[in-house]
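In what follows, a structure is listed as structure tokens, so that the remarks can point back to it.
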Amino acid sequence: MNASVIGAALYAVEVIGIAAFALSGIIEAARRRLDVVGITAVAGLAAFGGGTLRDLLLDRRPLFWVEHNELLWMVFALALAAPLFLRGRHFSLTERAMQLPDAIGLGLFCASGTQIALAMNLPLLVSVLMGLFTAIIGGVLRDIVCNEIPRVFSDHRPYALCAFAGGWVLVGADSLGFEEWLCLFLGAATATISRIAAILLDWEIPRWRTE
Amino acid sequence: MNASVIGAALYAVEVIGIAAFALSGIIEAARRRLDVVGITAVAGLAAFGGGTLRDLLLDRRPLFWVEHNELLWMVFALALAAPLFLRGRHFSLTERAMQLPDAIGLGLFCASGTQIALAMNLPLLVSVLMGLFTAIIGGVLRDIVCNEIPRVFSDHRPYALCAFAGGWVLVGADSLGFEEWLCLFLGAATATISRIAAILLDWEIPRWRTE
Amino acid sequence: MNASVIGAALYAVEVIGIAAFALSGIIEAARRRLDVVGITAVAGLAAFGGGTLRDLLLDRRPLFWVEHNELLWMVFALALAAPLFLRGRHFSLTERAMQLPDAIGLGLFCASGTQIALAMNLPLLVSVLMGLFTAIIGGVLRDIVCNEIPRVFSDHRPYALCAFAGGWVLVGADSLGFEEWLCLFLGAATATISRIAAILLDWEIPRWRTE
């Protein structure tokens, strides 16, 4: 498979992931009664926060949303249209419907972030962390702005762990000399599938005992 | 008008805007019973947070407050002097008195941020967003540190929208080939005047309906 | 004393400081009932947040934890082991036991941050602020993620002030032409000793009067 085909496929999936993350921000912001500015801002933070932090930490410019500013327009459009398609429905229904695209976004973002760092010859753990940041920091910033403890840190559900596992699978495949597209695929699939399994099978992270 | 005259004029207005933003931080921090360290920190965040994020995102160094570190001293002095000139007055009075300099700061910061990004040949929407970030992120960080949902996202008053409009006016004027100082002036004036109109005429952003 | 010996000594003390800061994050996160992902994240933020912000502001790459990624493994190990050594003890006991390493971390981080900025010929106040950020921003981020007003801004105890004083002592010693290791030592000692004195003697920052 040549690079431009992989690039186009990655980009298509990225659009889905960004839309899913933006929607999670819109729902959270609407729940907290933010105004349209706040809804747009939280949608943007959720969608672009992780990749932006990754790019800042790795000193990459232009930022991915500067290069692809059509993504910004998409998130704007989603935030403005949200009152239309969300009104009258229960948020929780929408939230359930979003779990699949969100899991896809999780997988893709963790794989692309890890791959970008690997290509810069960073240490393996750092590469995996960059993938993890890309995948989860948007949600963390969304929750901080909404004045909540980030869900990914407190809900005892595997989410960051799925991205972490996916990153290590990608790194492992890479060190076995697999082709780039296969590494990306295996990493993303690990994260996405383990996340879906966690939801379907109701997995929980063990609780901290303090008594 | 030559560049150094514009530069000096811009700098003078910037000092006013930074002082207004720092004061908004001081009042918020004092309300939340922070100590003198917290008051100084929140003042600094409110005054410098937006421009710092802009410079990080655009990879500009030195940061504007490193180049003009007399601005840091000014904010320090304001924070330390605040107990003297605020004691015995009602915060709300001071807050009302600050609405004009705050609106001026909003206009200037959005115009200068947008112009800086335009000069780097960034896409128009990205340039407008850089102006917007310069203008509002200081207040967002101030509110997050004070453990509140950022006011700019939740009070249903046009604030970010004024900066957004000002940015587009600047971008429009620039694409019509107007001189730089005129673009800056039109952009800043749009943001400042629309903000003042919003306060005087009690404009509200439409509410999200969820019933 | 030659540079590599200083370097090795600094590194050894830095490890202690990072461990102390990570522990403060672990305790805070456990108090707030975060899960193991959250505990690890807050430990990492507390340990690496300040230095990372300093490196971003100064545009230094690779980030210190990229260069020394064994520090990441250490924090991971601490976070995972925490339930073992914290279970059954009172957090407050651990917190008291941490005050000494925390004060050492404070001194070392403020000294190393100030020194790094001085070596880049930044203005003195900016250099001192870089030391201060290195020392306190980790704790600030820890508290923000845990949905609290940062303790360093609100507990009326000298903490940031100790780092601030240490930074100025370092800068003063440097301008007197002292050797680098001596400047570092004097700065770190000032911050650490003043912090310990503040704890032992129960110093308080004067309160803001608003009546």
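Chains: A, B and C, in written order; residue numbering restarts at 1 for each.
What we mean here is this: a contact is a pair of C-beta atoms (placed from the backbone, for glycine too) under 8 Å apart; a residue touches a chain by one contact, two chains touch by 3 or more.
The structure presented is a predicted model; accordingly, all values stated were derived computationally and were not measured.
> Pick same or different for copies chain A and chain C, depending on whether their interface residues overlap by over half.
Different-residue interface.
> What rotation angle takes the CA atoms of chain B onto those of chain C? Round to the nearest 5 degrees.
The best-fit rotation has an angle of 120 degrees.
> From the C-alpha centre of chain A to that of chain C, how far is it in Å?
Roughly 30 Å separates the two chain centres.
> If I count partner chains per residue in chain C, which residues reach a count of at least 2?
Answer for chain C, listing residues that touch two or more other chains: 56, 59, 144, 147.
> Would you mind writing out the residues of chain C in touch with chain B in their complex?
Its residues touching chain B are 56-57, 59, 122-123, 125-126, 129, 140, 144, 147-150, 152-156, 159-161, 205-210.
> Report the residues of chain A in contact with chain B in the complex, numbered from low to high.
So the residues of chain A touching chain B come out as 29-30, 32-39, 41-42, 52, 56, 59, 61-63, 65-66, 69, 72-73, 83, 86-87, 144-147.
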